[in-house]
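The structure under discussion appears below in the form of structure tokens.
As written, the chains take the letters A, B, C and D, and residue 1 is the first residue of each chain.
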Amino acid sequence: MKHILYLLLSILLVSCGTQKENNGKLKVVTTTTMITDLVENIGGDLIEVEGMMGSGVDPHLYKPSEGDMTKLANADIIFYNGLHLEGKLVDVFEKMDERGKSTVAISNALDKSTLIGSDYFASNYDPHIWFDIDYWTQMTHYVTETLVKNNPENKVAFEKNRDLYLEKISALKTELSDKINQLPQEKRILVTAHDAFNYYGRSFNFEVVGLQGLSTATEAGVKDVQRITQFIIEHKIKAVFVESSVPRRTVEALQAAVRAQNHKVKIGGELFSDALGSAGTDEGTYIGMYRHNVNTIVNALK
Amino acid sequence: MGTKIAVAVDDLTVAYNYKPVLWDIDLSIPEGVLMAIVGPNGAGKSTLIKSILGIIDPIAGSVAIYGKPYTKQRDKVAYVPQKGSVDWDFPTTALDVVMMGTYGSLGWIKRPGAKEKKLSLEALEKVGMLAFKNRQISQLSGGQQQRIFLARALVQNAAIYFMDEPFQGVDATTEIAIINILKELRKAGKTVIVVHHDLQTVPEYFDWVTFLNVKHIATGPVKDIFNDDNLTKTYGINYKVAVQQ
Amino acid sequence: MRYARKFAVLRKQSLLGDAISHAALPGIAVAFLITGAKDSNVLLLGALVSGLIGVFWIRGITTKTHLKTDTALGLILSLFFGFGMLLLTYIQKQPNANQAGLDKYLFGQAATLVESDVLLMVIVTGISLLVMLLFWKEFKLLLFDKNYAMTLGFNTKFIDGLISFFIVLAIVIGLQTVGVVLMSAMLLAPAAAARQWTNSLSTMVILAAIFGAFSGVFGTAISASQNNLSTGPVIVLVAAIFVIVSFLFSPERGIIFKQIRLIKNRRDLQLKKTLYFMYDIVRDHDDISRPHAIRILNSFQGFTKKTLSKLEEKDWITIQGQNWSMTEDGFETAANLYNNNLPES
Amino acid sequence: MSPMIDIQLIATVTAAACAIPGVFLVLRKMALISDAISHSILPGIVIGFFITHDLASPWLIIFAAFSGIITVVLVELIQKTGLVKEDTAIGLVFPALFSIGVILIAQNANDVHLDVDAVLLGDLVYAPFDRLIIDGADFGPKGLWTISVILVITLVLLLAFYKELKISTFDVGLSSALGFSPVILHYGLMSVASVTTVAAFDAVGAILVVAMMITPAAAAYLLTTDLRKMLLLSVLFGVGSAIGGYWFARWLDASISGSITTVLGLLFLIIYLLHLAKD
């Protein structure tokens, strides 16, 4: 019986060798929607970009599908966020890199000492780096350099795309700064469900308060709810925000607690934290997503 | 009847939860008897056997099998547990269960071979179950299951057999078959100790009896001690009801 | 709702909560696939339906095959969840940003309970309490002896289905309000603790409800005392302490009292051994209070001066110089020493 | 070797390594222990992280395995008191351990992405990319090696102690009367099961491990009345579903773990319905 099994196995396993199609274009695989957007902007039609995660996917809890294996195996370059954003995948990429496969953590572009680190565990950083537009600029440069290194014949085109994109980004920054400047300093308080907006807060002088920690395993405590409720009342905060990837009820509970003390706070809208909006919409791009977040925040807190 | 003492129980005391189940039992069983242990429900009959076999730890006292502790004499002892103590849905056949009786003499790691299989088949034949050797054990009737257990004990080829209510839930044919085998065992010089419920059949089946009700009441030849006095001491004044049951 | 949960424990399906929390996933996924929106009521309905399918399949496996309950629970738990995961990877590929957090969406946290949750819980508790009171006798019978219930002409399928429905409803609402882990723990721990203190079903249900409520109150209070103390897990740990305390200190079944009783029994045994020995001597005489010399006891193992004075303390014997004599009380006790199991066991 | 073959090999070997202890877990009414372990490893991981400060450290997995064994020991201790039933003991232990883990994170590491998913739960898709490199030479996926070593150990133990495992599972009383300590065998089996569980979590993820332990054994249990055949059949079912599930996933472009589990589920459903029809 065992022999038949082996025979069957070997037939099954080998009969379908991978066929690698090659049209000469550089194959790039990206993890999160933000990175996909960035790489597509720079690479344009010159490279083939495949994003692993779709819109609305929490990179931390991503469940890969069979096709991802082929994507990873056939990729020439893999761009990922790093800083443990993609959970276990980050380990995999680091090991692939040791073996000479070109995997690039875009967070490597940044000076680690400027990152927001953990209070207790110094070598662990907040991975939501895309909310800092200056970081995004640095990472744009880094991605371009990497692409150029791997595909020097398209150097000129890549750099042209980069310059175009950087222009858009700096325009975005100016636009958003203007928008945010409508908010007086004392109103710049962002209350959300989990700690994803620290870089955003640092960039635009917001105080950021999250009900829950970074880990998806933790839960809030009663004291945390009370503390933040008190905080909202004291600072007369007008609105709190829901995140697309965190259950709405967490924030609704906060709202109810405030209401119980005869104060009012509204839910200011839904922010995109770990992923962009639906593909094809404005919010499906980094720029659109950022604009949406800022507009939502400013309009609600004004 | 031999003069040697097969099982000696000294000052044995066992407590489940908070209630003592056996109190201060002193008991010697001579070699070569076919003995019933009788007593009311909760008298500690099964517990006595289990603590002799080291399945239950006593809080005081000691047990000797032919003068040595049980752990040194495992090969001299066979045990037939109560039918309900195992899961009969277990995926195994009658023959396989009987073969388990040979495991003790094999020790760790060694697997049963042709010799063990032959012994087991013989035992199955003796209990009249050879035709069922490849039957899954859940497909056997209660009586047949009990015979399988008996065959398993026979395979152990021990000097002393302990049986926990072998007649419980079996049909009349099986009961007679079992008691005939037990009588054969006694003829062969083995000691057979049976937890027994049915007082009426004691004089017919057994030649030796132990009365037990938490405390040891009496042990001796059935013809000498199976009398109203001991029955009253064991079962209380209503023992006649117990006899008629 | 807590009442409904207690039945889960009695039916040897104490891990049903965990199983249902996993089995709900495909229902949530399908509900999302159909509506394309994260409306919690629709998702709840999906969870309820797939939870019910899971429970009925568990019931089918345990009654119609020889597989045991734990196997059935494990099967449903892993197979349903795995299928749910398959659906999730399918959803992941859809360009719909709404899907974010779908697999966690239904799972609440104890700290974020809101009024409407409490209201929902009260309503469901009220209904299940009402149903339980109506069918109390049937429930009890069914739990104790299903076949007997059938012979009495009760529609066991209906009662069974009713219990299952309320268990699933309670679990799904529990999931939505307090989360998986607290749910699993609260299904079990209070009942396991209550079981140690009583043998009666109704007392146990009431006691379990009290333990559950206390765990909730204490847990919330502790969690409110300090930052970053997750409410749900704290409640779980408080309930765990209830269990540990019950295991250790319950007077009937508790481990410590069992040990104490064991030691006491051992001591008692020595004492009673001596008493019984005396009784044997005294029995042959007409006058039980006739004095005997202490020295005749010396050959007896376990006899000490201390046991003698203990016996005197209990008024079982009196000592005069080098003699002892048995009292009426002592005689009585000795005579009944070994019959005491009859009425109790 | 292509990643496709790697994945199928890992899935196959894991299926076999899980099916063997799974058979005994099902027979001993301890089927839920693997699910309990999937929750109760959290405090182990958290403490491992507090010591190493590194989310990728292999120590986290070792601590996880350790808390798996603690789970088993605690469950056994509670069962031994005789105060509650087997599965209740499991249900009391894992929420408590998990809660300790959650509170530890909330108290000390709220600003770190620390959870079971990120640290321990692998996925078959990733498995071929984590390779064993010695002196620059590629010896294939690391997960394949780990789980193969476990499979070999399991097989050796099974062959050596088959009769002891059988007797102590079937008849505890006789087993101890014959001198085969049921306690030693129980802890031996449970240790193998929990180490296999944790190692397999790393390679293929939690839910697939639970499914691979229980489903093949349960399906085989409905078909055969012979322990040896039950072991063989469940290995066969596990391996078959692993390969079938892979191709199903390829066809759907879906989660491999999810689709192997689904194939296992369909297999069980068919056998269950056949069983019902037979009666």
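Rule of thumb we're sticking to: contacts are C-beta pairs under 8 Å (C-beta built on N, C-alpha and C of every residue); 3 or more make two chains touch, one makes a residue touch a chain.
These numbers come from a predicted model, not from an experiment.
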Contact-richer chain pair (by C-beta pairs counted) among A-D and A-C: A-D
Chain centre separation (chain A, chain D; CA means) in Å: 33
Distance from chain C to chain A - Cα centre to Cα centre, in angstrom: 46
Inter-chain centre distance, chain B versus chain D - centres from mean C-alpha coordinates, in Å: 40
Euclidean distance of C-alpha centroids - chain C vs chain D, Å: 27
Chain D, residues touching no fewer than two other chains: 102, 106, 110, 221, 252-255, 257-259
Chain A: positions in contact with at least two other chains: 61, 63-65, 213, 216, 218-219, 221
Shared interface positions of chain C, touching two or more other chains: 66, 85, 88-89, 93, 228-230, 232-234, 253
Which chain pairs touch, all of them: A-C, A-D, B-C, B-D, C-D
Interface residues, chain C side, partner chain D - complex: 9, 12-15, 17-18, 22, 60-61, 64-71, 73-75, 77-90, 93, 181-182, 184-185, 187-189, 192, 195-196, 228-230, 232-234, 236-237, 240, 243, 247, 253, 255
Touching residues (chain side chain C, partner chain A) in the complex: 40, 85, 88-89, 92-101, 103-115, 179, 220, 223-234
Contact footprint of chain B on chain C as seen in their complex: 66, 252-253, 257-258, 261-262, 265-266, 269, 273, 337-342, 344-345
Sites on chain B touched by chain D in the complex: 50, 53-55, 71, 74, 77, 79, 81, 85-87, 90-93, 96-97, 100, 103-104, 106-109, 111-112, 136, 138-139, 152
Residue numbers on chain D that touch chain A, as the complex places them: 2-5, 7-9, 12, 42, 49, 53-56, 101-102, 105-106, 108-123, 125-126, 128-131, 133, 138, 232, 236, 239, 243, 246, 249-250, 252-259
